[in-house]
Structures are given as C-alpha cells and as structure tokens.
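Scrolling down, you'll hit the structures one after another.
The following pair of complexes shares a single chain, subunit A, combined with subunit B in the former and subunit C in the latter.
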Partner chain A sequence: MHAVAEKAVVVFSWAMTIVLCLCVSIFLGYLLIHGLPSLGRDLIFGAADPLRVLLGRARVFDGLFPAIMGTLFLVILSASLAVPVGVCSGIYLAEYAGAGMKKFSGLLFDILAGIPSIVIGLFGFSLAVFLHNHLDNRFGPCLLISSLSLAVLVLPYIVRSTQTSLEELPDGIRRTAIALGANKLQNIAYVLIPNALSGISSGIILAIGRCAEDTAVILLTGVVAVAGVPSSLLSQYEALPFYIYYISNQYTNPGELSGGYGACLILLGVCAFLFMSAYGVKKHLSHRTLYRA
Partner chain B sequence: METKDKIIVKGVSFFYGRNRVLDNIHAIFSKHTITAITGPSGQGKSTLLGLFNRMWDDVPGARCTGEIRIRLGDRWVSPLKNDIPMPLLRRKVAMIFQEPNPLPMSIAGNMAFPLKLAGVRDKSIIEEKVQKALAQAFLWEEVKDRMEKSALDLSGGQKQRLCIARALVLEPEVLLCDEPTSSLDSKAAGIIEDFLVGLKTSCTLLVVSHYMDQMRRIADKVMALQEHGLSQI
Partner chain C sequence: MRFSSENIARNVFFLCTIAGAVVISSILLFMIALGLPLFKESSFFSVWTGPWDPYQGLYGILPMIIGTLWIALPATVLALPLSLGTAFVITILGGSRLRKILGVLVRFMTGIPTVVYGFVGIFLLVPLIREGFGGAGMCVLAASIVLAILISPTMILFFSDSLTSVNPVDVRAAKALGADRVQRLLYVILPKAFGGMTSGFILAMGRALGDTLIALMLAGNAIRAPRGVLEPARTLTAHIALVKAADFNSLEFRSIFACGIALYLFTTTAVVAVRFMDYKRSVVQ
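After this line comes the complex of A and B, so read on.
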C-alpha cells in the first residue's frame, strides 16, 4: 500500500512538473509567435537614427527606447534606495534585535509585504502632492517618487531574505570568528554576510524583478505614455510595463498589438539582463568578500 | 596560587534561563599539561570549556556565577569579571570545535584570518606565523603548494589540523578542545593526538573527550564531570 502511495505521489509530482513546464513553454511560445515579427530596430528606435539616439543627439517619438531606459532607471534607482535600507534592517533584526523587537518588526514587514501595490502607489501619489504643496512646486509624480514607492514595495523581500539568510547560518560558522577573537561587527562583516550572500542576493534579485514588472505603483506616481528618456529625477518617464498595459487597452490595429507583444519580449529581456547582472555582482562580490581575508 | 597553576575555577555555576547546567564547580589546571574532561552526555562539558573564553556571552538567557582566574603571561585575569577585552581573551584562550570549521576561503585566507582580525598587516610576519603554525600541525608539507586553494577541499583530518593551526597562529596560552577527534577516523585522530601532545610545551590544553583510551594516551590528568561536580579520576 505504501509502495502504491509513494508511486502515486511520484507520478503526480512528475505530472505537475510537466504541466508547469508546458505552461511556461506555451506562454513563452505564444509571446514569441506574436511578438517576434514586430521586434526590430523600428520598434525600439522608430524613425530615429539609433546611433544618434544612443549618443543623446536625437529623441525617439515612436519607439520603445525611452520606455526601456525609463524601466532601467526605475529599477536601478529603486534598488539603490531599497537595498541598503533593507539589508541593514535585515542585519539588525538577525543579529542585534531582541525577541520582542523581532516579533514586532516581523509583523510590520509581513503587513507591508501584503499591502497591494496600488495602495503603495496611492501613498506615493499623496507624497508627491504633499511635497508639491508644502516643499517645492517642481515636485509631482516623477521618477523619484515612483522609485521611492517601488523601494517601499520591495523592502520586505530584502529585509526578510537578509534576516533569514543570516539566521539560518549554522552555529559552526557563526562561532568560528568569535572563537578567533573577532568582535561582533567583524564576525558580521567578514564571516556572516559573505556566507549569507547567496540568500541575500536572491532577495535582491526578486526585488529587482518586482521593480521591473510592477505597473500599479508607477501608474499613479509618474509614468506617462510619452515623455522621452527622463532627464532628471523629477521628470516624468515612460516604462515598459505601462506601455504594455496601455497598448493592450488602446490598440487600434493588429500592428500595435504586435508591438505590445514585442514590448513584452523586450521586458523579459530587460529582466533577464538585470537578473544576470545581479547574479554576476553576487558571484563577484561573494568571491571577493570571502577571499579578501 | 602556585606558580604552576594556569586556570583556577572556584564555585562556578552556569545557568541557561532557570536551568542550572553546572553546579559549584571547583578545579585547578596546571601549566603545560593536558587535562582530559569526560562525563556523561548533557552534563555540561562543552559548556564548561566555553566558560574560559566566554563563548556563552551572546547566548540569550545564559548566566554564570563564581570565579575563574587564568594566568596570561605574568597577569591573572578573571574572564567572568570582564577585566580583559573579549577579543584578546579569545586570542589567548583559543578553542577548537568538534566539527572542523574552516571558513569558505583559501587555506592561506583561513590561516591569515585571525592575524588580520588582530590587526597584523605585515605580510612577511603573517607568512612566517602561518608557516610556523602549519608546520606545528604537520600540515605545511601537505598544503604548501596549494595555499590558494579552498580549505573546504581538504580531508576531514586535514581540516581539523588546519583549524587547530589557525588557532595556534595567534600563539594562545590555553587551547580548549571540544571533542576534536570525534568526527575523524582513527588514523586522522591519531595524528591529531600526537599533535596535541606536542603542543604541551607552548600551551595548556583542556580536552573534552568520550574515549577513555584516548584520554589515557594523551592526558596528564583526567577529570570527570558528573552531577556532583568535577573530580579527578
């Protein structure tokens, strides 16, 4: 009976994995079939000369280049804001906080992780309005506000992954440097963080993916259909997820819809590029930090 | 206090929260000797070792009473009274664990790590001390051509010798060994035993062990930790 049950579990797990792989393949295949025909220089640069665009001497009015750049700026800026805060909070919670503080802040971060992104977007929009009214009327929905809002959105992933990665380190590693005369800070910096780097960077990669794909937050905080490449942090901007959302709602002919599918492929490409960059940084960092001693 | 005394333990009790792990322990450990500590599991042998370099400091709810005095150089220090900076105490009272715990870095990196923690920056001094400690651990000939290779690729016995050498690089006066051979085969354990015996000239060793034959081979004194305390057998 046990053998039959075990076989059934194996077959079921195998079948579910195949189903999942099929779903992903169908999804990617569908995107490729519909998006590939539109992929090309025109989709990205429109009528503009790519070289002049890349050198900053020409603007793109009918291509995805500004949206690609807007997405990259958005992700890099959001990650730059969220990673230091998130990693430091995670270190504090794992290594310094008492049991009460851990419980309390853990609850807060779980609540934050559960807040719908549109609510965070609304918070960002309210912040922009507040700053416009009380600080400087140049403030409004812009790249900076979007990045701040996205940073808040992804903070819990980074905090939790940092905290968990540090807490899960075995006692053997945890007490090695201590027994050799390291103080707590040296132990954290030289031993614990390098050993937890894999888990910490997984959280950061997840956060980058979320920053690149989230539409609800940017919808309320600064993204527009046509803005060009953002010239400052206070500029409005274009972004690929918003373009996809916009075109799928407003397309007037099959060619435009095909452009939307092409944008999906480019967004996947941008995400893959960001993931690989993060992975490269992680590998380089862990090698350097582990071997610098 | 006699001049040959190295560690004096007076009325030491240790608690995890409300749980009393050690009760009123008294003992004297002499300089340049190996004292083996044995006893049933759960009696607090590893905890007792950890008292000498305060490894329990970061354990929530841990508390220690009584007096421990250790002679370091010409000075008596009382770790429980915090009269010596913790990093310095742990450099002079080093500890080896049951499982070899090399850091995931190169052999050279592992060996230089404690020296860099201690603020030694001179490469020639580091190289000299590293080579001396590895030679003491009978490991230099085995690893001298692959110092930049990962320490994690060494065999179990080599890893443990590396960990002992890594502790020795700081020239400790007391070496606390918590079942240092229990995860090794008999051949590797034999090499470690010879190594520990050779260290008596420079260190005072306290070795927790479950193997009576091993204790007889290497120890000058065997003490048993039981419910009523620590006594010589």
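After this line comes the complex of A and C, so read on.
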C-alpha cells in the first residue's frame, strides 16, 4: 500500500513539474511569436526621427517612447525616495534597535509588504485629493504622487534586505574594526555596509523591478493613456505597464495590438533581467522579500 | 558630544524607521477617515454584508468579497498541487542539473510582470474558454487559472525553502535505516517542513487575494456574486480600480474605501497568522 502511494507521489510530482514548464513555455512562446515581429525602431519611436526625439526636439505620437520615459522617471524618482529611507531604517533595525523594537517593526514591515498594491494606490490617490483640497489645487494625481506611492510599495524590500544582510555578517567581521578603535558609525560605514553590499543592492534591484512592473498603484495615481514625455513632477504621464493594460481592452486595430505585444516583451525583458540579476548578485536572497501582492 | 556625528547618524536612522511605521499606520487611517461617510449613511454591518444596488442607495460590498473568494480560492487550490510537485522535484526528486534549471525557471517566473500575464490571458486563454465552454470567456475560471500560475513561484520558493531547511541529521538517520529518497521525503522531511510550508501557502493566498490586474483584465467585472466558475465576477481590488472619481463625495465612490479596509484586514490577518505560526514553531524547536 505504502509502495503504491510512494510511486504515486513520484508520478504526481513529475507530472506537475511538466505542467508548470508547459504553461511557462506556452506563455513565452505565444508572446515571442506575436511580439518579436513588432520589435524595432518603429515600435519605440514611431514615425519620428530617434535622434531628434532623444534631444527633445520632436515628439513621438505613435510609439512607446513616452511610456518608456514615464516608467524610467517613475523608477528613478521612487528609487531615490525609497532607497535612502529604506537603507537607513534597515541599518537602524539591524544595528541599533533593541529586541522589542525589532519585533514590532518587523511585524509592521511584514504588514506593509502584504498590503495589496491597489490599496497603496488608493492611499496615494487619497493623498492627492487631500493635498488638492487642503493645500493647493494644482495638486492632483501626478508623477510625484505615483512615485511616492511606489516608494511606499517597495520600502519593505529595501528595509528587509538591508536588515537581513547586515544581521547575517559573522562576528569576526563585526568586531575587528571595533577592536582597532573604530566607533560604531565608522564600523557601519567602512566595514559592515561594504560587506553587506551584495544583499543590499539585490534588494534595491528587486525594488526597481517592482516599480517598473507595478500597474495597480499607478492606475489610481495619475497614469494616463496619452500625455507625452512628462514635463514636471505635477504632470500626468504615460507608463509601459499601463500601456499594456490599456491596449488590452482599448485597441482599435491590429497595429496597436502588435504594439501591445511588443510592449509586453520589452517590459518582460526588463523585469526578468532585473529580477534575475538581483538573484545573481546575491544567491540566497530571502524569499520573504518576494512576497508582494 | 551630544552633536557628534555618531548621534546624528543614529537619529537619522531612527527617524527613517519611524517614517516607515507612520506611513503604514496612516494608510489604514486614511481609508477609515475617507470611508466614514459610508458607514454613517448605511449601518456599519450592511456595508460588509449588504447587496450592491446603487438605485436603492445600497452600497454593500458583499458581492465583491464573494467574487474575491471565488477567484482567489480556486487559484490557490490549483496552485497547491502544481507547486507541491515542482517543489518536490526541485528539492529531492530531480537530478542536480534539472534542479538548477528549474530553480532558474521559477526565479524567472517571479520576474514576469502581472500585466503581461493578464495580456496573454486575454488573447490566449479567454478565447479558448469561450470556444470550449461558451459564454463570454471573461470569467472566474480564466482569472483563477492565470492567478494560479502567477502565485506558483511564490509557493514553490517557500516550499522548497522549508523542505531544504530540515535538519540533515534527521534525513541522514532515515537514510541509514534504509529509507529511499521518496520515503525520506514523505515520512521525514515533509512532516518537519509542514509548518513552514503552511506559512508559504497562506502568504501565496494573500497574494492571490490582493492581486488586481489579473481579475481586472480577465474576470469580467460584473457586480454580482458568481454562482459558477464560468460566470463573471468582480474582486475587491478590481472594484477599487474601476470606480472612477466621478464624484468624490458620492457613496458609490466611498465604497472603495470599505474595499480597501477589507483587503487591508485580509492581508494583515494572513501576515499576523504566519508570524504567529513561525513564532510557535520556533518555541517548539
């Protein structure tokens, strides 16, 4: 009886693995067949001259360029908001906080990591409305609000990866500089952080990947279908993931649809590259940092 | 001495931590404050348990709660065997080369953007379901299948993590007694890893509950509790995404904050449950 069950487990496991691999290969194959032909200069720049577009002398009306720039701005802005705060609190939690504080804030950041991204988008949207009503009516859903919300979204990744990679350092590394007379801050800045750099940077790369990929947050905080390259922090903007979502239910002709497939491939390439390099930088990345709705 | 760089740095680090904590609490406060008019207008309980009928002035989010469960539960049920089997192969059954390849594949899957899954779902899976089962194709089934594939890598990573972190002394003892690979897996590793795997299962379910784009793109979004897997449904997350700010003060609009609170509570419960289980396990060991 047991022997049969044991055999069944083996058959079941292999069958499930094959099903999963099949799903992924069908998914990728479908995307490549439909997306590859559309990849090219026209997909990004449309009819405009790439050089003039890059110099800001021409606008792109039928290409992905504004969406790519929007996503790029979003990623840069939210990373520059989230990275300093996240790394600093990671350092605090690893090196200064007492046991109670560690437990409490650990729970808080776990909760933050678990909050669905649409709820964080809703928070950003409410913030925009609040600022609009109480501070200045120029505020509204915009690039700044989106970056702020995305920064909140990815904060737990950075805090967690900084904290764990500092805590993992062996006592030998931890004590040497102190024994030589360095104070705590010198020890952190010159010894601990350089040694924990691979963990910290893999967290940052993951965070950047999330910012580039997330659609739910920006859906509520200022992304629009047509806006051109964003001109200020308070303007609305286009973004690659939203473009894909928009095309999926608003496309009017086969050309637009194949543009959607192309955009999917670009976004997939960028995100897969970022995620894989995050794993490459640090092999045993905690899977908990991955948990995100 | 009080203004030494050491103290300043310490305070900066501390302030950043506090800032994070403030943000987390203010998310919930914001939603409660903005949802308040809804709770005042209709009674507190009817918001959660009542029907959705704007013409009657009823803004209960029950259909959306049911829709969320209809999509998230089948997705986790589908993802469980898929992840369990793959995790077994990755940790124990497969050869070392295959394990590596599968590991890379699973990690690659975590990097696939949700919206791309949704896009492929719309143009590949939905027509298949429409032709195979009839109906519009945009339904609970389509969303659950894609969601299952989306959450599998999370589950697989958690499962294989727990399976490999079982004390090797126990495994070797079983090996010395003549247990083969499958027997070691079933009778030694699995019981020991069960707690950690449950945590992974709950967290993956939390992901399924909180996902927006898959349901928004594939489930059809009808505000009606579904009665079968081929019917359309709207999840809490999709409801938030779909109610556009026509009138910020309308009760219809306020209902999205009730959805936000419900989601916040769902996922927070999952996180706290997992923490509690991890804590109990660490006490036992």
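We adopt the following convention: the second predicted complex is superposed on the first by the 237 of 293 C-alpha atoms of A that agree within 3 Å, B and C clash if a C-alpha of one lies under 4 Å from a C-alpha of the other, contacts with A are read in each partner's own complex, and residues count from 1 in each chain.
The rule is simple: contacts are C-beta pairs under 8 Å (C-beta built on N, C-alpha and C of every residue); 3 or more make two chains touch, one makes a residue touch a chain.
Just so it is clear, the model here is predicted, and its values are computed rather than measured.
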{"item": "Greater subunit A contact set [subunit C / subunit B]", "value": "C"}
{"item": "Which superposed partner A:190 touches (first subunit B, second subunit C, both, neither)", "value": "first"}
{"item": "Touched partner set for A:178, first subunit B, second subunit C, both or neither", "value": "first"}
{"item": "Partner chain in contact with A:51 - subunit B first, subunit C second, else both or neither", "value": "neither"}
{"item": "Contacts of A:33 with subunit B and subunit C, given as first, second, both or neither", "value": "neither"}
{"item": "Subunit B versus subunit C as contact partner of A:117, first or second or both or neither", "value": "second"}
{"item": "Footprint overlap on subunit A, where subunit B in one structure and subunit C in the other make contact", "value": "183-184, 290-293"}
{"item": "In the complex, subunit C residues that touch subunit A", "value": "5-6, 9-10, 12-17, 19-21, 23-24, 26-27, 30-31, 34, 81-86, 88-89, 93-94, 102, 104-105, 107-120, 122-124, 149, 152, 154, 157-158, 161, 182-183, 185-186, 203, 206-207, 209-213, 216-217, 237, 240-241, 245, 248, 256-257, 260, 263-264, 267-268, 270-272, 275"}
{"item": "Complex contacts: residues of subunit A adjacent to subunit C", "value": "5-6, 9-10, 12-17, 19-21, 23-24, 26-27, 30-31, 34, 84-86, 88-89, 91-93, 95-97, 105, 107-123, 125-127, 129-130, 152, 155, 159, 183-185, 209, 212-213, 215-216, 219-220, 241, 244-245, 247-249, 260-261, 264, 267-268, 271-276, 279, 287, 290-293"}
{"item": "Of all residues in subunit B, those that touch subunit A in their complex", "value": "53, 55, 58, 60, 86-88, 90-91, 94-95, 97, 99, 101, 103-106, 109, 112-114, 116-118, 166-167, 170"}
{"item": "Complex interface listing, subunit A residues touching subunit B", "value": "99, 172-173, 175-184, 186, 190-191, 194-195, 290-293"}
